[in-house]
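Next come two complexes built around chain A: one with chain B, the other with chain C.
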Partner chain A sequence: MSHDVLSPPRPLDPRGHGARRASRGPRQDRAGADAAPRRLLAPTFLISAAFLVLVLLWALVPAWFTSYDPYQSDAAAKLLPPSSTHLLGTDSLGRDSFARLVHGTRTTLLTSLLALTIAFVVSSVLGLLAGYVGGIVDDAIGRVIDVTLAVPGLLVSLMLVTGLGFGAVNIAIAVGVSSIASFTRVMRAQVLRVRQADFVTAAEFGGVRFWTILRRHVFPHAIAPVTALVALEFGAAILAISALSFLGFGAAAPEPEWGSLVASGRDYLAFAWWLTILPGTVVVLVVLAANAVARQIEKVG
Partner chain B sequence: MTSEHQPPTPILDVRDLSIAYTRGRESVTAVDSVSFALAPGDRLAIIGESGSGKSSIVNSLLGLLPENSRRSATSVRFDDVDLSALSSETDWNQVRGHRIAFIPQDPTIALDPVMRIGPQVVETLTLHGGLERRAARGRTLELLDQVGIRDPERVFRAHPHELSGGMRQRVLIAIALAGDAELIIADEPTSGLDVTVQGVVLDLLDEVVRSHGVSVVLITHDLAVAGARADQILVLQDGRIIESGRTAEILAAPRSAYTRRMLEAAPSIHHTKLAASAEARERAVPAAPGGSDRGQSLLELRGVVKEYSRRGLGQGTFRAVDEVSLAVPAGSSLGIVGESGSGKSTLARIATGIVRPDQGQVLYRGENVTHRRGAVKRRLFSQMQYVFQNPYSSLDPRFSVAEVIAEPLDALQATSRSERDRRVAEVLDAVGLPADIARRSPTELSGGQRQRVAIARAVALRPPLLVLDEPVSALDVTVQAQILQLLADLQAEFSLTYLFITHDLAVVRLLCDDALVLENGHVVEHRPVADLFADPAEDYTRALLAAIP
Partner chain C sequence: MSAASATGVGPTSVAPSAARRRGGPLLRYIARRLAYAVLVVVAAYAITFALLWWLPSDPVRIMLGGQGDAGTVDPQVVADLTAKYGFDQPPPIQFLTMLGNALQGDLGVSIDDGRPVAERIAQVLPHTLQLGVVSLVLGFGLGIGIGLLANLPRSRRLRGLLFSLPPLVGSLPSFLIGLLLIQVFAYGLSALPAVGNDGIDHLILPAIALAVPTSAGIAQVTARALDESVKAAYSDYLRAKGISRRRIILRHSLRNAIIPATTLIGLSVGSILAGAVVTETVFTRQGFGRLMQEAVTQQDIPVVQGIVLLCALLYAVVNLLTDLVYPLIDPRVTLR
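Then we have the complex of A and B:
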């Protein structure tokens, strides 16, 4: 009955140590159950979430936020500092920096999303196979992951993008592939846990086919922590995508993109700092907000 | 202070104890005005099924109630201490672990896994007994010897994981003695142990009560254990005392219907095989087309061996199953009995083809299916199904009951939607569940209902053979009895053959024709159940028989 669930018999070590250890139990229980809704109302979370919603709206309906055309240059308004007409100033061709930031959001977010999707899909399949089949498959996948994890992610991305060539899709692939290793590790660990459950063996007894068991009984019970990781990696993906665009691997020249915005302002840093610092600040804020939201989701479970 | 029982001065006196838990805006009463008193040297058994409030009472006596609980009581007095007045952990530590010792269900969590056994006992002696280290060491060895540990020196140096469950419980009892406890609270102290060890641990507890004059509160769900081990019994249901008194009186003349049901449900009080109910026999389907094969062996194992490599230090292999041969005649039930580690579950998995034997053969209706794969393997799954021990783990919580039952039907017998729905409704009815349960999630069901769903899934395919792996040991006693009756009924109704894995010979007597006793992977005895009970040939079997409470 319900109260047995609420108060699992806690061990007590007759020496007293256990008593202290055990007494921590109830508080953790509470954190899990009662306190969860309240935690979602924490101010950091609220501010972060609101900011992300705003950024999402930039991506979906940029026209709501700026009336300037991001491609329209204006020779009379070159390198203007931030003002009420040009919120983030203008660049060397007189284009409105805020308009370029807002219109570039879609490219950056879509590229990050694509990168995460690639990482999620590939690592799910690898993690399921490694964890469920085990044996030599597990060993093979495990070794490759270990090697990949030993190399910094950005370096892997750079190597890939050099081979694949430039473009938004290619940097998405490059960033996605570099995150596969850590995702696969988490997925594999979850699968190892889930496959112990009797309902998985029961499905085997029920004659359910291999891939169906994985899809129906293992995958849905294993993805929760991986999803949390995806949310957590979202900020890192934006950062990596922006870094690659900054280096010039991303979207082609006139198209606005966060990383390339930062890069293009670099030459004027001495007298038009806003071109670099302000878009850069936005990237940093988005990454921080994404992390804050992801951690909250992870905590609440 | 007045007392109903008028004992000398009770060591524990609980009056009108109520405990409620709040979750969100709801408040659930777990314990409702419970009063009892315990005289020094007395043994009180608190009996109830899961959810009856036993654990809440224990936790309140140990100051371990969670923060979302509210407790009220006229008095909770332990000797000269008012437990209801203790608030800080420091206050509790004066009593708990020192004067009140606790023996939990799972001894592993009460011992520090990274500390050797010796120092854990020594610590209690130096902390509470004021002994200096050297003297404490000698006293520890003495205590370990007293609790029946044959090799105290070795155990002193051992880490908890190197000891068996029974040994760990003994160590905890030794720690209780070291602290000079006046009251031992034992919460299902033996339900995690093998049957033959259970008796020994309970005997030891009795011995301690006699020799040290300690009082015991024994929490159990097993009336048989309470009957043999307690002076007083308190029967709890839904947080209320529904019966209390001297043990002999309650066993002789239980007043409440609930206690009577519990008494009747105890598997050990039945001495013959359960008969199928009249309705089940009426509903029995005539033998499957192809003629009756009653008497011929449906499943046969010949010299089956399974070895596992030992993990860690590379100590070679370990034989989980050692040259086991057996035959299950169609329509009969074979019980495979053994303690944990005897290889019975491995044997069941070999029989069903989930695990492959290293040597030997598996025959189904005379056909060698040892190395089945692909289509043959799938065909055999519709011939034999498996029922797991733990109904909380064997049903996918994301599925509805109907989906759970329909899954093997869809996978193995391509049927139309309506046919499938009809079959699901049919088996739900056969296992005694209401039809509207089909749309619900297993997580909303009780343990007994879940096990019925698991059984329904297994019989939905109409397999001739069911392998039942401890199907009742995770359930409450009264529920156990219902599930055993259901299995007897289903056997008659669908002419099923059972391979029944259990640690409990009493259950075998209820359900099986033959019994195979397994010890460390090899067969000790394989005989008809009646013979086995009348005249056990082996010491090991006698130990198992003696373990029936």
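Then we have the complex of A and C:
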């Protein structure tokens, strides 16, 4: 505690270390440093993080969690309810639903990750240009974003899917592009703030090249709030991806994927509800966990 | 709109009458909002053009994809189609032609069944409008109700619990809400039909499925606005006068807290239109959401484009109306 009182508030550091503290005053800064360890032990956060790690392991080493083959059908075990041998029951072809869920994790997570990467990279470039260059560039980018926001994200994704065709990669691109607009807004606002800093002016007068200023001086300071947004958008990306694959535009038929798992169980809802509701619940839990972790990143960071 | 701005009071007009002075800014405000709405719709149409017709893919190939193997298609057919849709023209010309046709109500012809797109959309539109209006009203009622409920209890813990409810609901995939409703009310309780679209009882479940995600956002905003307004100085004053917390919220804070919720109408219309794609598919209801799903499945580009244009149009109109009504709800907002 005492060293916190003695040390002066850290200014914006051109090397980027102070980036996260940039937006906070010294008082909040101390409170954050005090509360951080306690918040990390908050039960909601711990459970959420543990669950996400489990899901990550499903994606990395699915064989650890289930001995069933997700493609192997068994005519003698069709539409069985959940039991100790089949945790989530079996589908209409007698395939183990839990095995399909676990093996489908990789596709869903990779697709969401690809979507976020696309959104993040493109919006970083657009946000940096709009915020730093300003003027006509800012106006042009701003108008396009305004218009894109007038069409709901799902419809933008569906348009892209129509043009690009179906499949996991294409829906990732579609979801990624449809979230560029909201990301760019946040990035631009941050860049506008950082641009005023003295070290940016100093770099400009020192003759540092344009792209170097953006990359080394502006970007690292503008990135922190966007990082929290990325964590939050991870849940949204999973929702969008599973909605698109629920509608039938995702990975091709036999390949397991969360959204298509829910969709394929839909026809048996009346007498085998577990096929849809249980995988659907897993999607909800992952989204909730991702949101809880995102909030924590926002608070601690 | 140019007519409207011409009648407005410009900086050069000499000694305007009192009536014109009052009417001028309003007309100019309306004109500017209207111009902006038109701009948004045209620009949205340009984006649909860029994404659907101009993307790396070949629209002719996509159109023929459904009718057989692309390799077996007669090159003459390809050339005819290319000429028919004007793909041999440069993109800007293609866009202007398309925009001109759209302004005359001609949205092209569906690739799937050869009927005009406008006709196909008009046929299913009433179903979606019915569903949309019901779920919008339901969503606002539910959202404001939950926002209100989250502020009423004395217990801090109960309030915290109610405050955390809307974000939780927001994390539910829309298809799961629909499927849960079907499972519980249609198959479990046999109270309501699961699929189809005639009569009021077929409307209830899909309307709830669409209203729930909409209400989450509204509840969040209302709850926060109410909370702020309860903590405002005028509430302390009322409190000191001996008025109960409940009465302050219902009589004084609610009026202020509803204002931020009204700004969400445009956004909610957008989310309901997008949600209709999923919900109408889940409930096998007719409507343009399901038409959209089918059109994307068949890569029926003109239909997809028509639906997106309609959504942008609805969004622009709703936002225009909200902008115009806003000063009436909140007298502090001045027209500019």
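Everything that follows uses one rule, which is that the second predicted complex is superposed on the first by the 270 of 301 C-alpha atoms of A that agree within 3 Å, B and C clash if a C-alpha of one lies under 4 Å from a C-alpha of the other, contacts with A are read in each partner's own complex, and residues count from 1 in each chain.
Convention: a contact is a pair of C-beta atoms (placed from the backbone, for glycine too) under 8 Å apart; a residue touches a chain by one contact, two chains touch by 3 or more.
Computed from a prediction, not measured in an experiment: that's the story for all the values here.
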| item | value |
| --- | --- |
| First (chain B), second (chain C), both or neither touched by A:Glu204 | first |
| Contacts of A:Pro220 with chain B and chain C, given as first, second, both or neither | first |
| Partner chain(s) touched by A:Phe246 [first = chain B, second = chain C, both, neither] | second |
| Chain B versus chain C as contact partner of A:Ala270, first or second or both or neither | second |
| Shared chain A contacts, counted only where both chain B and chain C touch the same residue | none |
| Chain A contact footprint on chain C (complex, rising order) | 40, 43-44, 47-48, 51-52, 55-57, 167-168, 171-176, 179-180, 182-183, 187, 270-271, 273-275, 277-278, 281-282, 292-293, 295-297, 299-301, 304-305, 307-308, 311-312, 315-316 |
| Contact footprint of chain B on chain A as seen in their complex | 1-4, 6-20, 22-23, 25-27, 29-30, 33-34, 197-199, 201-209, 212, 216-217, 220-221 |
| Complex contact set, residues of chain B against chain A | 21, 23-24, 28, 30, 50-53, 55-56, 58-59, 62-69, 89, 92-93, 96-98, 101-102, 104-106, 109-112, 120, 123-124, 127, 172, 175-176, 179, 181, 187, 238, 352, 354, 378, 381-382, 385-386, 388-390, 393-396, 398, 407-408, 411-412, 454, 457 |
| For the chain A and chain C complex, residues of the former touching the latter | 143-144, 146-148, 150-156, 158-165, 235, 239, 242-243, 246-249, 259, 262-263, 266, 269-270, 273, 276-277, 280-281, 283-284, 287-288, 291 |
